[in-house]
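Next come two complexes, and both contain chain A; in the first it sits with chain B, in the second with chain C.
On to the complex of A and B.
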C-alpha cells in the first residue's frame, strides 16, 4: 500500500500537500463547529475533580496543595488536555469498520497524516471555547493568577520549556490513540479497549490526581510512564514539579510509540487488504 | 402524529406492549455476547476509576464537606446505579431516536398504533449495564457497612428519590433529543449532558452556590445520587423530597410537551 517506505518522494509529496491539507482540515472544523464546541465542552472531568479537591482542601492544604494550587493545577490541566486532545481512535476505528479507509488509502498522503492535520486545525477552536471556562474559573478563584506578591508568573525557562513539552504531550497522546485505533484491524472492540485505557490513564497522567498527591511509590513509577508524558509533564513543568528530564522522557516515548505505530500499521493494513475491504 | 388518535384507548394494552418491546429488546441485545463481556470489563474499570480518586482524597482527610468515606460511597453507589439505568435503558433508546431522525426509521415508530414516546423509550436495552447496577449495589453495601443499616422508612424514601431522579434525568435527556428534531447537528449534546451529569458522583455539598442549584434543578443528577444517600443517613429534609417530586414531575411534563411539539414539526428524512 501507499503507506510503506518513507522515500524522499513521499516526503516531497507531503511537503507540497501541507497547505491543502491544512485548508481542508480547517474547512472541516468550520463545517462542524457546533458539534465541535459540544465535544470540547464534554471534557468536564478536570472541573469535577477540582470541586472534590477544593472541598477536601478547604480545612487546610494537602501536601502543599491548597485551594488556590488545586484551582491553578486543574485550570492548566484543562488547557493542556484540550491542546493535546484528538479523536483519532474513534475516526480510525470508524474508517476501518465501515471500509471508508479504502478510498483514503488511494490518496498519495497517508490517512493518518490527514487525521493529524485535522487534529492540529482543531486546536485554535479548542482554545476559543476554553476562554469563557477559564474566565469563570479565575472569577471564582482569582488566586489562580494573583499570588501574595503580585501575579503568578512561572520562571522564564519553565515557560520556554512548556511549549515543547505540550507539543511532545500532544504527539504522545495522538500516537497512543492512533495505536488503539489500529487495533480495529484485528478486533471489533477497539473503542472499548480504549475506554479501559482512559480509566488507567486518568489516574496515572495527573488528569484527576496531581502527581504530588499519589502515594510516593506509585508516583515514582508513574512519572516515567506514557500516561504522564501525554498530559501531566507540561502542567508540572509550568508549576515547578517537573523539569527537562521528564521532557526528555516524553521525547523517548514519542520515538518508541512512532516505531511501534509504523510496524503495527504495516501489519494491520495487510490484514485489512486480506479481508477484502 | 399518526398514533395520537389510537393511543388514548390503548393504556389497557400497556403491559402487553411493554412485554413485547422488552422481549424484542433482549433478543436484539443478546446477539452480541463478546461485547457483553468486554462491556463488563470496561464497566469494572470505570467503577475503579470512580472510586480511586475518592480513596486518594480520604486517605488524606477524614471528611470532605461533612461527608465521611463510607457516606461518600453511598453517593457514588447511587450515582453508579443511575448511570446503569440511564446507560442500560434510556441512552440506547434516545440515541436510536437521533439516528432514526437522521436516517428516516423514525417513520416506523410513528406508524405504530402505540404512543410514540413509549415505543421510542423502551425499544432497546444495553444488558451489559446490568453489571454496573450490580457494582452499584455492592458499593452501596460497602458504604452501609460503615454507616450502619438504615430503617425501612429511610430505604423507602431513598428508593422513591432514585425513581424521581431517574425520571428527571430521563426527561432532561428527552428534551435534549427533541432539539435534534430541529437541529440534527447537535445530536452529540447528550454526551455533553452525560459529562455534566458526571458531577453527580460526589456529594452535592462539595459544590458551591450556583453549581449546587444547577445539579439539583437544571441537571438534577443530585436527586438520584446525593439525596437518596442523605435519606439513608437520615439527613434529608422533607422539603427536599417535595422539591425532588416537583422537579421530576415538572421535568417530565415539559419533556412530554416538547416531544409532542417536536413530532408536529417532524417531516421525515425523505421529505
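On to the complex of A and C.
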C-alpha cells in the first residue's frame, strides 16, 4: 500500500512527529486546567509529611535528621515527585475498558509512546504549581538552604547527576504505571491493584519516610527496589546519601521494566478483543 | 486482489459469572468459561476499488470480522491478507494504508478543536505538510465543515463530529476504508451527506470501501456487493438486487383508492388502497387487466422494501 507512512520507518515518523505531539499534548493540558488543582493538592503530601516529622523531631534529631534536614528532604522530594508524576495507569485502564484504545492502536505511533509525550508535556505546567509552593516552603523554613558551614550547595557532580537521576526516576515511575495499566487486559481491577502498590511504594520509595529512618535491614533491601528508583534516588543523590551505584540501578530497572512491558503488551493486545475492543 | 480471507474464525472465551454476590465470589475461585464462536470459517476476496457491505443482525459477527481485517483482533483460525499484510502485525506500512471509522467510538480529542486531532494524525502518519493541506482543504470542502474547525469537539453535534471523524480518518489517504456503522445515530439528511461523501471519495481515489450498517439505505446506496453474515457464517456474497430477487421476488400492484370490483382481480384492501401480490411474470398481465377496465386509476408496481427482504432472509435462516 502506498502512503506517507509506508515510505518512512516508524522511528523516522516518530522523530518528526515529536513537535506536534508535544504541541497537541500541551493544548490538551491547557484544556484540562481543572486537573491543575488536583496536582496542587497531590503536591502537598510531602508538606504534610514534613509537618509530621517536624513535630516528631522537635525534641532532637532522629537518625541524624533534625528539623532542617527533614525540611530539606521533603522540599526536594516534593520537587522530584512533581517532575516524575504520570497518570498512564488510569488512562490505559480506561482506554482498554471503554475500547477507546482501538482507534489509538490503528495509528502508526504506539499509544504508550503518545502517552509518554503527553506526560512529558505536563512537566512545565507542574513547574507552574511547584515554584510558588517551593518559594513558600523556603520562606517558612529558610534553614532548607543553610547548613552548619554556610549555604546548602551540593557538590558539582551531585548536581550533575541529579538531572539524569530524575529522568530515570520518571521513566521507572511511568513504566511501573504502564505495567499496572496493562493488567486491564486481564483484570477489571487494574487501578485497584495499583492503589495497593501505591501504599507499599509510599513506604519504600522515600515518599513518606526517608530511607535513613527505615530499619537498616529493610533499608538495605529497599535501596535496590524499583520503589526507591522511582523517587528516592535523585533526592538522596542531591543530599549525599546515594550515588552513581544507585543511579545505575535505576537504569537497570528501566531496562528490565521496558522488557517486561514489551512482553506484557504483546500478550495483552492479543486478549484485547475479549474485553471491549 | 487487495483483501483475501480464508477460513477466518474468531472464538471468544467468556467467563461465566453466577448471579448476585454469591455468584461473583464463586467465580473468583472457580472461574468457568464458555466459548462463543463469533465468526466461523469465513472466506472471501475483495478487489481494489470495490465497495462491499457487511450485513447481518446484531451479534452476527460483522464488526468482529471488520476488526480482524483492520488488525484490532487476532483471528482464532484462518488467514487474512490486506494489501499483502497480516493485519494483526499492525506494520506501520499497513496502518498507513488503511483506516477504520467506528460510528460508536471516536478518535477525536474531546476537549480540543478538531484541527488539533487532524494535526496530530498528520504527524502520526508522517504526512508531508503540503500534501496534508491539500487533502484537508479537499475534505473540508466536500463535507462543508469549515465553520466548525475551531470549536471544541465536545460542542459539536453528532453529525458534525462524524464528519470530523471521517476527515481525521482519511488525512493519510488510506487505500482501504473500513467503516463500522458510519451513519449510526445521524438524522436522515446527515446520513445522506455521509453516504454521498463516501461514494465520492471512492470514485475520486479508487479506494476500497468495506462497510457495516444497520441501515438498508446505506447498503442500497453505497455497496453494489453484499456479504451477508449470520450467526458467524457467510451466507450470501453477491449483489443486492440478485438477493432481493431470490428472497422476495414478488411484486405489489397498488391501486390508489380504486373501485371495489378490483377484488375480483385478486386485490385486497390495505389502508384504503387496493393491493395485489403477484409474481414478476404475472405483473404485466394483471396491470393490463386493471387498466383495460379502469384506464383512469392511479397505479404503481412495487418491490418489497429492502428491510422486509432482509427480515425474511434472516428468518429463512432460522427455520
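General remarks:
FYI, the second predicted complex is superposed on the first by the 260 of 277 C-alpha atoms of A that agree within 3 Å, B and C clash if a C-alpha of one lies under 4 Å from a C-alpha of the other, contacts with A are read in each partner's own complex, and residues count from 1 in each chain.
Just so it is clear, a residue touches a chain if its C-beta (ideal position, glycine included) is under 8 Å from a C-beta of that chain, and two chains touch if they have at least 3 such contacts.
None of the values given here were measured: they were computed from a predicted structure.
By the touch criterion stated above, A:99 is placed in contact with chain C alone, chain B being left untouched. Residue contacts after overlaying the shared chain place A:129 against neither chain B nor chain C.
In the superposition on chain A, A:273 makes contact with chain C only, not with chain B.
In the superposition on chain A, contact of A:188 is made with chain B only, not with chain C.
Touch criterion met: A:28 reaches chain C, while chain B stays clear of it. When the two structures are aligned on the shared chain, A:20 is found in touch with chain C, with no touch to chain B.
In the superposed model, A:108 lies in contact with chain C only, and not with chain B. Once the two complexes are overlaid on the shared chain, A:145 sits clear of chain B and of chain C alike. When both complexes are aligned on chain A by C-alpha atoms, chain A residues 32 touch chain B in the first and chain C in the second. Of all the residues in chain C, the ones that touch chain A in their complex are 10, 12-14, 64, 67, 70-74, 83-85, 90, 92-100, 102, 105-107, 109, 111-112, 116-117, 119-128, 131, 152, 172-176. Residue ranges on chain B touching chain A, taken from their complex, read 34-35, 38-39, 41-42, 45-46, 48-49, 52-54, 56-57, 59-61, 64-65, 183, 185-186, 188-189, 191-192, 194-196, 198-199, 201-202, 205-207, 211. For chain A in complex with chain B, the residues that touch the partner chain are 32, 34-35, 38-39, 41-45, 47-49, 51-56, 58-59, 62-63, 188-189, 192-193, 195-196, 198-200, 202-203, 208-209, 213-215. Contacts from chain A toward chain C in the complex involve residues 1-6, 8-10, 12-13, 16-17, 19-21, 23-24, 27-28, 31-32, 99-100, 102-109, 114, 270, 272-274, 277.
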